[in-house]
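Look for subunit A in each of the two complexes below; its partner is subunit B in the first and subunit C in the second.
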Partner chain A sequence: MNLHTLNRSPADSRVYQQTLQAMGHDDQLLLIEDGVQGALPQLVRYFEDVEGRVYALKEDLEARGLLGLCADNVHVVDVDGFIELTEQADKTITWY
Partner chain B sequence: MSKRGFAKEAEEEVRAMNDTQTDLQGDLLVILRHGPHGSSLLREGLDMALVAAAFGRRVSLLFMGTGCTALVSGQGQGPLGQKGTQATLNMLEMYDIETLLVESEAMHALGLKACDLSLPVIEVSPAQIQAAMTTHRLVATF
Partner chain C sequence: MRYGILLLGAPYSRQASHSALRFARALVAKGHILDSVFFYHDGVYNAARLAAPPQDEPHLMDGWKALHDEHGVKLDVCIAAALRRGLLNETEASRHGKEGYSIEAPFALTGLGQLVDLGLRCDRLITFAP
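Take a look at the complex of A and B:
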């Protein structure tokens, strides 16, 4: 299992398409920095192919005032959770 | 198409995938997603590949998105004489970097064909891209 991190918003950048293309069936996706915009209910549909495997970084959501606006099917994790995800993964693949 | 036809097709695809997977193993997969000249990312990615290869690592390159344009034949200097990346591409063979994968969908989207490219490539499907992510020990994106 690989962890993919994505730091661009699906509203701004099409990098998310490359990320999804590279994700295996049990890989996990962590949205960080501007990527956390993808956790908004209006944007989370871009990640429907990997539903249930989408995480968003709490610190980045908080900084942007988005924590309360997250879609229900996105798992919110803090930096410790980020570290746990990297521990569980064989490797971490960065998309930017 | 009949159910059986579908099953057969799927089976063939899996077999084709397994065949390619054996080719796709390596220590490092460098993903190049940018064309030449617009930024330094392509050069940096190629540099990383060459350094890893110089240390004896088995390196594969995967060109995704507009990164496929990095391989187009006939590249030159920038208008102000900036160095391009063609010279680096020509060195890949010397460093035994011969597995050059290109994203099939991107090639199609850009209207490029393998014959437009300066080096021999393997066009890969999303499933083969996913496989490459697991068959390489390290993956770096540029």
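Take a look at the complex of A and C:
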């Protein structure tokens, strides 16, 4: 199982399409930096193919005033949770 | 676990350097070993010894130095990426006939081979990009 991090909003960049194409069946996706916008109910539909495996970084949500506004099916994790995801994954792949 | 970090983003341009430093601090706080941070592409600017950010802003370079001093984290800077951006240590400055120098210890100019080695000896290599 691999972890993919994405730091671009699907509203700004199409790199999320490559991320989704590269994701395996049990891979997980962590939205960081501006990527956390993808966790909002208005944008989360872009990630419906990997529903249940989408995480968003709490500190980056908070910095943007978006904490508490995420879609229900997105898991919010802090930086310690980020580290735990990297512990569980064989590799971490960065998309930007 | 033994971790390595690859940092590709310039400080204060995008969030990559801040994200990497936050991750690095959390790693050592959690009891992991952070072997090295490898600065590559515009990430080499993190090593600029003359950086003087405003006092009320996070000082990224000092943050990296503190990780080295307190946790023995190696700070490796890609020499090819650094020299072409005007980042030279004293030895390279003298070799190229330049008066000043812009990188000093604990930041070390190294080659890409160090990055390959880092990937091989670490359990996890995490990239932070612009």
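Keep in mind that, in the parts below, the second predicted complex is superposed on the first by the 96 of 96 C-alpha atoms of A that agree within 3 Å, B and C clash if a C-alpha of one lies under 4 Å from a C-alpha of the other, contacts with A are read in each partner's own complex, and residues count from 1 in each chain.
Keep this in mind: a residue touches a chain if its C-beta (ideal position, glycine included) is under 8 Å from a C-beta of that chain, and two chains touch if they have at least 3 such contacts.
Since the model is a prediction, treat every value here as computed from it, not as a measurement.
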{"item": "Fit or clash between subunit C and subunit B when superposed on subunit A", "value": "fit"}
{"item": "Contacts of A:G24 with subunit B and subunit C, given as first, second, both or neither", "value": "first"}
{"item": "Included angle at subunit A between vectors to subunit C and subunit B, based on C-alpha centres and rounded to the nearest 10 degrees", "value": "70"}
{"item": "Touching partner for A:T94 - first (subunit B), second (subunit C), both, neither", "value": "both"}
{"item": "Touching partner for A:N2 - first (subunit B), second (subunit C), both, neither", "value": "first"}
{"item": "Superposed arrangement (fit on chain A Cα atoms) - minimum subunit B/subunit C Cα distance in Å", "value": "6"}
{"item": "Residues on subunit A lying within both footprints (that of subunit B and that of subunit C)", "value": "91, 94, 96"}
{"item": "Residue numbers on subunit C that touch subunit A, as the complex places them", "value": "1, 3, 14-16, 19, 22-23, 26-27, 30, 32, 124-130"}
{"item": "For the subunit A and subunit C complex, residues of the former touching the latter", "value": "7, 32-34, 59-60, 79-80, 82-83, 86-87, 91-92, 94, 96"}
{"item": "Subunit B residues within the subunit A interface of the complex", "value": "31, 33, 64-65, 103, 105, 126, 129-130, 133-134, 137-139, 141"}
{"item": "Touching residues (chain side subunit A, partner subunit B) in the complex", "value": "2, 14-15, 18, 21-25, 27, 90-91, 93-96"}
